[in-house]
Amino acid sequence: MGAALLRIDELTKTFGKNTAVDRATIQVDRPMMIGIIGRSGAGKSTLLRMLNRLTDHTSGQVVFEGRDVTALKGAEKRAWQADCAMIFQQFNLVPRMDVVSNVLHGTLNKRSTLASLFNLFPEADIHRAIDILDRLGIAEHAPKRAEALSGGQQQRVAIARALMQDPKIILADEPIASLDPMNAQIVMDALRRIHEEDGRTVIANLHTLDTARRYCDRVIGMLHGRIVFDGTPEQLTTGVARDIYGADASFSEEATSTEIGALNRTTRPAPIPA
Amino acid sequence: MGAALLRIDELTKTFGKNTAVDRATIQVDRPMMIGIIGRSGAGKSTLLRMLNRLTDHTSGQVVFEGRDVTALKGAEKRAWQADCAMIFQQFNLVPRMDVVSNVLHGTLNKRSTLASLFNLFPEADIHRAIDILDRLGIAEHAPKRAEALSGGQQQRVAIARALMQDPKIILADEPIASLDPMNAQIVMDALRRIHEEDGRTVIANLHTLDTARRYCDRVIGMLHGRIVFDGTPEQLTTGVARDIYGADASFSEEATSTEIGALNRTTRPAPIPA
Amino acid sequence: MTLHADPMTAQISLKDQADRLFRRKRLTSLAIPLVVLAYLVYAFFAFDVPGLIDRADPENGRTLVRDSYSYKTHVTRDNRSGAVSVAIEGERKGAYPEGTSPDWVALGSGSDPVTTITLDGGGVVTFGPDQISYDIPGYGLVTARPGRTGANASFPEGPLPEWINASKNRVAITTDEARLSITRNKTELFRYSLGWELFFFTLDSPYHGMSAGDLASRAVNGEAGEIFHDFWTNAMWRHGEVAWALFETVLMAFLGTFGAAIVALPLAFLAARNFTPLTLVRQLARRLFDLFRGVDALIWTIVLARAFGPGPLTGALAILVTDTGSFGKMFSEALENVDGKQIEGLQSVGAKPVQRYRFGVIPQVTPVLLSQMLYFFESNTRSATVIGAITGGGIGLLLTQAMITQKDWEEVTYYIVLVVLLVFVMDWFSGWLRRKLIKGDAGGH
Amino acid sequence: QDQIEEFRIGILGGENAQDRLNSHECLKGYTEETLGVPVKLFAPADYDGVIQGLLGGTIDMAWLGASGYAKTFLDDPEAVEPVLVKINLDGSYGYHSIGFARKDAGITSLEGLKGKKFGFGDPNSTSGYLIPSIEIPQTTGATMENGDYFGEVVFTGGHEQTIVAVNNGDVDGGVTWADGQGNWEDGFNSGALRKAVDAGLIDMNDLVEIWRSKPIPEGPIVLRKALPQEVKAKMTALVEGMYEADKDCTYNISAGESLGFKPITHDAYVSIVEARKAKSQ
Amino acid sequence: MSEISPHSRPGPAHVRDDYIALTRRKRLYSGMLLAIFVALMASGFMVADDRNAGGFWDGWTRVLDFPRVVLAEASEKVAELPGHIVTFFPALIETINIAAVSTLVGALGGMVLSMLATRGMARWPALIPLFRRIMDVMRAIPEIVIALVLIFVLGGGPVPAMIAIAFHTVGALGKLFSEVNENASLKPVEGLASVGATWTQKMLLGVVPQVAPNYFSYALLRFEINIRASAILGFVGAGGIGYELKNAMSWGQGKYDESAAIFLLLFATIVTVDQMSSVVRDRLTHGRKSEMLA
């Protein structure tokens, strides 16, 4: 894997006078699970959206497997988006359509426009979609409408759609922020398993420290659009966390936690190896 | 105090086949603060609503100061309602109207419909409303809309409305169930103070044992519509509580507690004298 | 603590504040009804209600109400030839064949030339060869000898009651049971009877006057076709044509509404901010919608009638044009309110723009659009009644024409009942369809 | 262009739409027989509906009022041509505009209406508007503007409405049409008053005649000029011969007793056209 | 690392078959639905075209004939337009008055009826279905029918139109209001009931403050519709601008300039009210337009 898998080079995004992402530089050499943490407004979402090309960058470069992703246009850009799945905090499914159809949307880029307009997906794809749903434990909901599912189930449908894309990289923008602790755990477990079993790179924005520690191989901390930390979970001490969150001494890690049992604990839990 | 102040006699309410209140009999000889406890669905709300005549009873009788309250109709019924204030779990204020108006609604029964429609409340009433609000510590919110207040403040407005009625008896249906522990305490303190200072009878449905113990002179336990306990807080042992809640051995008192600090405690608190 | 330096003064100022608040509230709560009242009083006089009440003719109302549930039989004598004819509503198609009459009329014949009419209240009217008479119970006998010199009527002693309107050449007597008018040329008696006469069969049908049981047994014996034919082509009520008219009304609403939806959908994209960034195009589309909407369907009807002539198509097109305006506006609003998250989700998988519309927009807006269309379909059924009155189609034409001639109130009643039932059915049907389609999967497949 | 696929007949108001359609069923049958194409009948709600149809070429034949014909002619002289006119029992082809009022209001002539409310019928009606609006000012010497001679001048919408409005006292006087023959107490032999009397709506004892116009020519049956010559000839012959062939049908289509239809040309309506043109200035 | 719990669930093969069967069925249904709709539209069009005097395909080339004639005359006499506008302004005021009064009366009636027909608010709960039916009937009868009947009894003029529109408005607004009522919280009502308030007090103090913005917004929308309705009723003799428009229009050539002036007035009014009311309504709440144009 000599050359870098993904190289983000001085990537910058400004909204008017406001610099949302400021010369972010990250290099990923092998598939791994990366967590990005930071305060609200730190630029995490903007960074991921630039990777997926949902938002155009201002300057800098993203190179994936030697290809300049930031320079792509039209059909090529869409082909890259098909290779780079994105999972959203609000799931961004089509709520009135059934689960399988939502998953099948992952193949839209590969299908002719006309066939897809009439919702004509090949049977093989339908089977694969159901297999993926089965892998995520929600196959029995296949014929239901997405809106009829709980948040955690919907997020798993979104993951299934991402898997349906057979992507080279999966981006997840706060995938568990709208979920209760129980569902959050299921979703994070699923993402981790996808990384481990399929060997895909997963980059996830996370708003809680302990989730990042628990699931990620590498943690990147952002503050005011800049990358202020990049290391292993073990290197992420409370002091470093305080810097990232720009918090004062009253910062308590539990305050950001959504993990089950956090309320019952009085001592910090031992980090669980990912 | 020879004759009973309030006598509830075999009062029964059935909804279809379901008996919500089953031959409840209670006698109150002097003004006191009474707590009614019981599981959800035990019939507590129905009992209070029958007292206020919001719900019609099926059989039995309620006699207040020698008058058969359950037999009243039309204007007489409304006059009784004016004498018998009710406080609700959800406050039941008019959210879009200001606090003073909400309090003044307590006098509606005494005012002509037309006058109340044109907001022709006597100045003396307005002043009294503000005095009452002041007594409850929320006078400064007087001109605000009720919906702009926090839950605890809204419940105090509801209490103010009740006081405005100058009632002979105050009923409170789970007055603190929607409140956080801090506000719950303020509201219960207010009710207790009203009982003590004005000598009014207060009957409150409560869903937590410790509140009942802490504030009431007498506790009534209901189960499946029947009164299964009637005694002093001291007589209310954990065993009795278990009967009332129909709980199995796993019953733990904290599970029902909302009191501040409950989460921090590991041992049962010493009962605080009312 | 400095804020509450003196709790007493703080409270007094609070009370002042509250007093002020209530003064203001009183003012508004008094002012609004007063303004409304003042406006209504102004309107009362602007509309000249007092004059109207003064002029209103309750008799017209009574005629109307009576006509709506009863019919009148005319017994007419030509005073010159002496011929007597009997006809329901005085119409040719309701005429009794020569020499026949209802049983309360004893027609004169060669031997006894006097026609005797026996009324319910005991009154008897005779049409003799020279003399007409009406024996009015509780009043007396009125006689008349109409001829060149006038009606020549004579009345019992005393002043004329107000229900007799007599002049030299014309006498009209209105009693509860009948109305008799005598002029030089003609004598006519109207007798009111309950019901919608000839509703099922006209006099020339063999089935007239037959009981339901008889009809049923004949229907079973193979006459069902004839019976239905006689009913369906009833010349008095014309059930067949009325049914066609009802159908035409629904047809106008149907074509107009759904045609408009088909036209408006693409235009709505042009008028939606998030789909058409070009302000000029958007404003153009919106003004177009305003024009279509602002001109009422009725006026479009007049404009279109020149090109398409009278008929249901013109009505349907008028509805189509107006509703294109309404739908265009509402659809574009719905499009502006679409949830961007779904579209973004599709964008993130690399979907083409058309695919994004298909899966990100259409499923979202379909239920909104569909329910709007069905609402309009229902209310357009009602509008089509009015439009039909102008373009010459549907139940509306029958209704307004029957009203304008001001005599066939029983037909008016019949049509109103039908219109109301139709609107009810459409209301129910559109509600049912809406629930069905929107709950079912309207978006996905 | 000398072929037609269908023939469309427009029928003017005055009667219940269904009655109108019904009384023309016989004509429809004869026409289908004569022309060999399907025939459709249309009964729009007002004069204007038929006129617009003739102008737009969607109606081929209609029996117009004189003023309606003038309107059609003024809009487009090439649209239609008059072919036949109804002949009254006395051989004339005219009728009158009758001004009338309530007897109990004490009005007996136009003088009595001074400063009062006056009602016309439909603006396109000859007897209900055009002729009285020209002849009445000649009598009164003042215009028909509001407040000039009459206090207020309104359109009631049609003959039937005028009669009801006068009878109710909503307007103090109005004009409508009648043949002017027969007796007042019967509402004359034919016309709008007669229909109202027959329907039991009014009692002629309550009303008085206050004005009568000069004879107004009966409106023509018109055919669209663009029709093939052969069709026009056939239709004219058909209607003209109707009185001989089928008296009942003649009664139906001429709305009462008549001697059938006789040919007529545009010349008979020149004065009406001029009158209407003058009104349009 | 916890496993994704593989509950007891049907095998994917089973799910697959079910899903594919379901999809086929749905596709069939929606295909059928679409086919029926297209067939209805096509045959409906053909019937209408056949029963019309002029055909669609001949007619649409002449669509602009009439507007052209009107505009030609109007532009010829453009100098007279301002004068006409002044002349017809009082008629416009009358039309607006008819709409305003009937909206007011209709809104008041609709308010009372809707409260009587809403569960939890009704004065006589047993009569709820009765009041609902009353509203349905009031909504179902077209204004023009009531107006014509009243013109017969009362004579022409604004009052019959006002009553007719108000009658219909009561039904139409009543239905919308009762939907608003269903979403209103009954807690304040119960709170007022507990102090012994009368029904009127409960409704006006407990319900009206909650629903007033929605009521107001619907009433405004109705006002807009009623202006059009009152203009239309002028066509059948109910006075106002519609009466003037009809007379001018049906006279035709010679008065097309008047028609144009009246039309301009009416159109400007409708657009103004439309814009004003949508601004106000947007500020108050989002009204549902679709249900209104009844």
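The chains carry the letters A, B, C, D and E, assigned in the order they are written, with residues numbered from 1 in each.
Please note the rule applied: contacts are C-beta pairs under 8 Å (C-beta built on N, C-alpha and C of every residue); 3 or more make two chains touch, one makes a residue touch a chain.
Here's who's who by UniProt: A, B = Phosphonate transport system ATP-binding protein; C, E = Phosphonate transport system permease protein.
In this text the structure is predicted, and so the values were computed from the model without any measurement.
S.K.: If each hop has to land on a touching chain, what is the smallest number of hops from subunit A to subunit B?
M.R.: Contact-graph shortest path, subunit A to subunit B, evaluates to 2.
S.K.: Starting from the defined contact criterion, work out which chains touch subunit B and subunit E both, please.
M.R.: For subunit B paired with subunit E, the chains in contact with each are C, in label order.
S.K.: A-E versus B-C: which has more C-beta pairs touching?
M.R.: A-E
S.K.: Which chain, with its centre taken as the mean C-alpha position, is closest to the global C-alpha centre?
M.R.: Closest to the centre of all protein C-alpha atoms: chain E.
S.K.: What is the distance, in whole Å, between the centres of subunit D and subunit E, each centre taken as the mean of its C-alpha atoms?
M.R.: The mean C-alpha positions of subunit D and subunit E differ by 38 Å.
S.K.: Report the inter-centroid distance (CA atoms only) between subunit C and subunit E in whole Å.
M.R.: So the centre of subunit C lies 17 Å away from the centre of subunit E.
S.K.: Measuring from the mean C-alpha position of subunit A to the mean C-alpha position of subunit D, what distance in angstrom results?
M.R.: Measuring from centre to centre gives 82 Å for this pair.
S.K.: Centroid from C-alpha atoms only, then distance subunit B to subunit D, rounded to Å. What do you get?
M.R.: Roughly 82 Å, centre to centre.
S.K.: Listing for subunit E: what residues touch at least two other chains?
M.R.: Touching at least two other chains: 23, 27, 51-54, 59, 62, 65-66, 152, 155, 157, 236, 249.
S.K.: If I count partner chains per residue in subunit A, which residues reach a count of at least 2?
M.R.: 119
S.K.: Which positions in subunit C touch two or more other chains at once?
M.R.: Residues 55, 57, 60, 302, 306-311, 389-390, 400, 404, 406, 441, 444-445.
S.K.: What's the complete list of touching chain pairs for this entry?
M.R.: A-C, A-E, B-C, B-E, C-D, C-E, D-E
S.K.: Sort out for me which residues of subunit B touch subunit E in the complex.
M.R.: Contact set of subunit B toward subunit E: 52, 54, 77-82, 85-86, 88, 90-97, 105-106, 108-109, 113, 116-117, 158, 161, 165.
S.K.: Along subunit A, where are the residues that touch subunit E in the complex?
M.R.: My answer: residues 100, 119, 123, 126-127, 130-131, 133-137, 139-140, 142-143, 185-186, 189-190, 192-193, 196, 274.
S.K.: Quick check on the complex: what are the subunit C residues that touch subunit B?
M.R.: Answer in residue numbers: 11, 14-15, 17-19, 21-22, 25-26, 29-30.
S.K.: In their complex, what parts of subunit C are in touch with subunit D?
M.R.: Residue positions touching the partner: 55, 57, 60, 63, 72, 90, 165-167, 169-170, 172, 179, 181, 183-186, 190, 235, 238, 241, 302, 305-311, 389-392, 397-398, 400-402, 404-408, 411.
S.K.: Quick one: in the complex, what on subunit D touches subunit C?
M.R.: Within the complex, subunit D contacts subunit C at residues 8, 10, 13, 15-18, 21-22, 42-46, 48-50, 52-53, 55-56, 58-59, 157-158, 160-161, 164, 167-170, 182-186, 198-201, 203-206.
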